[in-house]
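Shared between the two complexes below is subunit A, which pairs with subunit B and subunit C, respectively.
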Partner chain A sequence: MSQLHTVNKSPLERNALESAITHAVKGNALLMIEDGVYGAMQGTHKSAMVSEAMSDISFYVMGPDLKARGIDETRIIEGIKIVDYSGFVALVAEHDTTQSWL
Partner chain B sequence: MKFSVMISEGPYTHQASDTAYNFTKAALEDGHECFRIFFYHDGVNNGTRLASPPQDDRDIVNRWSALAKEYKLDLVLCVAAAQRRGIADADEAKRNGKNADNIAPGFRISGLGQLIEAGIQSDRLITFGD
Partner chain C sequence: MPETKKFLYVNRKAPYGTIYALEALEVVLIGAAFEQDVSLAFLDDGVYQITKGQDTKDVGMKNFSPTYKALGDYDVNKIYVEQESLDARGLTLDDLLPLTWEDEDDDWAKKDSIKVISAAEMAKIMEQSDVVFSF
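Moving on to the complex of A and B:
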């Protein structure tokens, strides 16, 4: 069963991203939204955790939320795909269940 | 595909109500169906018509009402959460001995069974909160 995880808090503030990565299994997808988009940035002390998990989990980040925070797309960890709200809807539709890590 | 959405965060708190709105709008515009939007916990604060945000800010309550009107959405406020937070329709106000109601157009008050039903009847149920 495929599962989508959404994370809406910065990994520098809460451990939601870490929990989601720990619980996700091979083939799952993880979408960073709202303040969760800070987890997609290169060069933070959480970046390695995300890069290492990319062999098993597909990572996505909300483009509008990056833009609202002034984070340029060039500062995103390589391999994370940027989506808009329509892309978010498609991810929810593609996966059997969605787990929101609040 | 049939979606339902649960919102457990109030308006202007962080971003949950905004994300839920943008998600729902995108889903409807992409041709999906929305079975129900269920407002739970502080989420019921999205349903007061007495909200008066500054003119240059987004009007979260009216935005939901307008979307509900356009797509005939079912916006449901949890009754127990609404009572605690002073959100009432005419019936609830009368039942609780209050002299006014404040529910916004397009919203209705009902119970948790509506959330369970939304989970059963929809292909996907997604939660937005804090």
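Moving on to the complex of A and C:
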């Protein structure tokens, strides 16, 4: 079973990203949306946690949400793929199930 | 003359994900009409509110970040940003909007409104406020 995890909370305010990473298994995908996109930035207190999880989990981030928050693509952790709304739909379709970490 | 109180608006939430940031800004602008001694504090995820380069057209929401630039015109020119909160998020003063005000006692010189301060200094400002509004 392949699962997609979505995270919509800032990792510096809530533990949704941390918990999603803890519970995702090898081969799963994790998509950061809304305030969750702050988790994709380099140089934060949570960046290392994301980088370390990248060997097992594929990370994606919503481009429009990055843009809204003024986060330039150059500041995204290397290896995280930026998707748009149709990319979000494709991810949901590609995976057997989706779990939202609210 | 009515007594002037020290008002502090504490901003701790990121913009767009919740309504807190926009509501705080509206309350500050309304409150500015009452000529009180107003300060704004940005800490924790609140520092994300005043970052540069916000462009919300692809998410279909109003980009209210340019409105912070109007605060100086309402004599809201004490904007405190917590250093520790910037550090935790990989941000520096350069990532923030250049918020300024014009000092009428100094030939309308343009001055910076933002002061980056430590958590300990922020604690003092909070402690010395008469009224604290939390967002």
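The rule we apply is simple: the second predicted complex is superposed on the first by the 102 of 102 C-alpha atoms of A that agree within 3 Å, B and C clash if a C-alpha of one lies under 4 Å from a C-alpha of the other, contacts with A are read in each partner's own complex, and residues count from 1 in each chain.
By our rule, contacts are C-beta pairs under 8 Å (C-beta built on N, C-alpha and C of every residue); 3 or more make two chains touch, one makes a residue touch a chain.
Just so we're clear, the structure is a prediction, and the values are computed from it rather than from any experiment.
S.K.: Of the two partners subunit B and subunit C, indicate the one touching more residues belonging to subunit A.
M.R.: C
S.K.: Contacts for A:89 in the overlay, against subunit B (first) and subunit C (second): which applies, first, second, both or neither?
M.R.: The first partner, subunit B, only.
S.K.: Tell me which partner A:34 touches in the superposition: subunit B (first), subunit C (second), both or neither.
M.R.: In the superposed model, A:34 contacts both subunit B and subunit C.
S.K.: Applying the document's definition of touch, where does A:67 land relative to subunit B and subunit C: first, second, both, or neither?
M.R.: In the superposition, A:67 contacts subunit C only.
S.K.: By the touch definition at the top of the document, which applies to A:42: first (subunit B), second (subunit C), both, or neither?
M.R.: second
S.K.: Need the overlap of the two footprints on subunit A, from subunit B and from subunit C, as residue ranges.
M.R.: 8, 34-35, 64-65, 84
S.K.: Within their complex, state which residues of subunit B touch subunit A.
M.R.: 1, 3, 8, 14-16, 19, 22-23, 25-27, 29-30, 32, 123-130
S.K.: What residues of subunit C sit close enough to touch subunit A in their complex?
M.R.: Residue positions touching the partner: 13-18, 44-45, 48, 51-59, 61, 63, 65, 88-90.
S.K.: Tell me, which parts of subunit A touch subunit C in their complex?
M.R.: Going through subunit A, the ones touching subunit C are 8-10, 12-13, 34-35, 38, 41-45, 47, 63-65, 67-72, 75, 84.
S.K.: Which part of subunit A faces subunit B closely enough to touch in the complex?
M.R.: 6, 8, 33-35, 64-65, 84-86, 88-90, 92-93, 97-98, 100, 102
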